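Naming follows writing order (A, B and C), and every chain is counted from residue 1.
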Amino acid sequence: MIMVQKEQFIKDLEKLRQNAPLVHNITNYVVMNTSANSLLSIGASPVMAHAIEEMREMVSIASALMINIGTLSNKWVEAMFLAGNEAKAKGIPVILDPVGAGATSYRTDTAKKLIEDVQPDIIRGNASEIMALAKAGIQTKGVDSTAESDSALDIAKEMAKKTGAVISISGKTDYITDGETVHSVEKGHPLMGKITGTGCAASSISGAFASINNNYLEAATEAMIAMGIAGEMAGEQADAPGTFQVKFLDSLYKMDEKEIGKRL
Amino acid sequence: MIMVQKEQFIKDLEKLRQNAPLVHNITNYVVMNTSANSLLSIGASPVMAHAIEEMREMVSIASALMINIGTLSNKWVEAMFLAGNEAKAKGIPVILDPVGAGATSYRTDTAKKLIEDVQPDIIRGNASEIMALAKAGIQTKGVDSTAESDSALDIAKEMAKKTGAVISISGKTDYITDGETVHSVEKGHPLMGKITGTGCAASSISGAFASINNNYLEAATEAMIAMGIAGEMAGEQADAPGTFQVKFLDSLYKMDEKEIGKRL
Amino acid sequence: MIMVQKEQFIKDLEKLRQNAPLVHNITNYVVMNTSANSLLSIGASPVMAHAIEEMREMVSIASALMINIGTLSNKWVEAMFLAGNEAKAKGIPVILDPVGAGATSYRTDTAKKLIEDVQPDIIRGNASEIMALAKAGIQTKGVDSTAESDSALDIAKEMAKKTGAVISISGKTDYITDGETVHSVEKGHPLMGKITGTGCAASSISGAFASINNNYLEAATEAMIAMGIAGEMAGEQADAPGTFQVKFLDSLYKMDEKEIGKRL
């Protein structure tokens, strides 16, 4: 069930395009280009920066911070904490994308510490990443390693309550929750899983929406709606990943009241 | 006013394609792929390398060096100085792209020091980057933070005189000046601003032209003409950023006497 | 002469798509996105990771390791050795792509040490890279710097015998040898040389095939067949590099019995 109404989504997307918020990304090497282009296509303004020397100043001009641990290393992790704490002190939204949490303890531990120390406003990952964080003690409930998305949702609700963050789980159905309310978005296209960086783009775009809508549950939902609609539009024009990626960027840019009206 | 004649541009582009000059890029993570593909598409040969251990040797086989501070950090900055000084000693053209100068003092200072120490032959940036450098004391005239492109041009002329570099300002109208003569290029397409890396590609391609035309004022102008024509060609085939990017690379590759003739 | 039969290639590609092997890439910044998307398009699962802190764990969940020295630096080289040795100890295939060997001694030496210490199962490079390694003492025969592909093949055979690795030389004709048998693949398209990262993708895809066919001579050949067929398919739909790259990814994804049957 999508709790964000069509009219509000259209209005907020319009606001995003008018404000062109600067989203500061500390993200992985693989997707930097795609994330920057996704933000540009939807109407936001991206900056990628990771040097400790410029973290404070860069955060000070940004409207949102997105931290993604996809290709982390020590220097970068240091910058993530610095930027994250600065962003919280400044009061701009912080989005965490715990890429690969669960795959290695370095990732799980880094994500866990970022959640505890920085207290991100939105945590966006896939079901297995969210469950790995839960297993690592972000919340106390036991987790089956082969859990269904329903149990991921229960875990996400508890994690939201415990951390104060909105949890956004992407998948065939996206679930977004603040621990009480649950929004679900069932849009998108299977080819989104055949290109790298769609999840990362969703996190960056969550930052863009959170910068113009301080109800982060709504903002995180709006980001998944935007991703889902662009995925649907692209899927109607592509039957393979290369073309799909091109049309996906086109669709973020061309998404308008008419396209949204057809799909929401 | 474009001071480079059509015939010369065609001749130099042909020479570039025959020579396939090796352009060494020390550039940011976001655009590495796009810059490499832009150089390949126009007919040059890219190399990306940043390890201090191989800077001297890599510069020794290159025909131009392009330094871009888009995602700088200390180790990389060290490599930029090493490569820059080696390139100047060897006599190959050095292009500086001061990405984000003005956004943080780390960037502004690094760009300033590179200009003073390495003395690049061409500095290519947007108006606000060039003005930030001027404000930082690269030249003495005061700068309004909300200056028009005309005042950016005046500043660029003074900066060119003071630094000895050709200053290339990209924008709706590109201005290229050595402090005396000013070339302007009014080509391109608005979608160039909706994909990441067009400015960075312009800097890399400036390096390619500078390696085959040692009149750097002309070379920097030729690069902006090539970018502008490719942008126009792509804009005729695309109405959104994803497709535009693909067609832009295609156009760098397909640009020929006929296409140039139609547009110059 | 292609020694891998059409039926086997179809069967192994099918197996690859069913298994979706996780290929761990320690690779260069320029191609990370393209390599990840190439692996996804053909049906494998990519992970990019380079932090020493997570090398052992990441290797432990991977089905193949691909090491590419395209934008190397010291920390990364350390991770390459760590991951390489772990992968060998675990018994998963290790592919080395010695990008730019011969261009700088840092690259040549690193590649040489990786070969001696890690003992990769497949070494995939272009003729000049393979010859640079030979010159550096990977094997003893003298090398002309302007050698033909025939002499590259002789060198590759000796290198294979000396190192125990399958040597895969890409070019207009690809040669793959274990020192005794030589497979050749004459497929592909000239535009493959006008986009960055096709060689790197070939190495990653070699890892994917090696994870499902432990005859590494066959696996390395199958990778070049897949690249060559995708190149042919893309070349029929594109006349310039931007479009070619998009169609190349599409073709890795869409390659099926019918397309393979037409071309093998």
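We adopt the following convention: a contact is a pair of C-beta atoms (placed from the backbone, for glycine too) under 8 Å apart; a residue touches a chain by one contact, two chains touch by 3 or more.
Remember, it's a predicted structure, so these values are computed and weren't measured experimentally.
Among the remaining chains, those touching subunit A as well as subunit B are C.
When the CA atoms of subunit A are superposed on those of subunit C, the rotation angle is 120 degrees to the nearest 5. Separating the CA-averaged centres of subunit B and subunit C is a span of 33 Å.
Of all residues in subunit B, those touching 2 or more other chains are 29, 33, 245-246, listed in ascending order.
The residues of subunit B lying in touch with subunit A in their complex are 28-31, 33-34, 70-74, 100, 103-107, 194-197, 239-243, 245-246.
Per the touch definition, subunit C reaches subunit A in the complex via residues 29, 32-33, 36-37, 40-41, 46-51, 53-54, 57-58, 61, 75, 245-251, 253-254.
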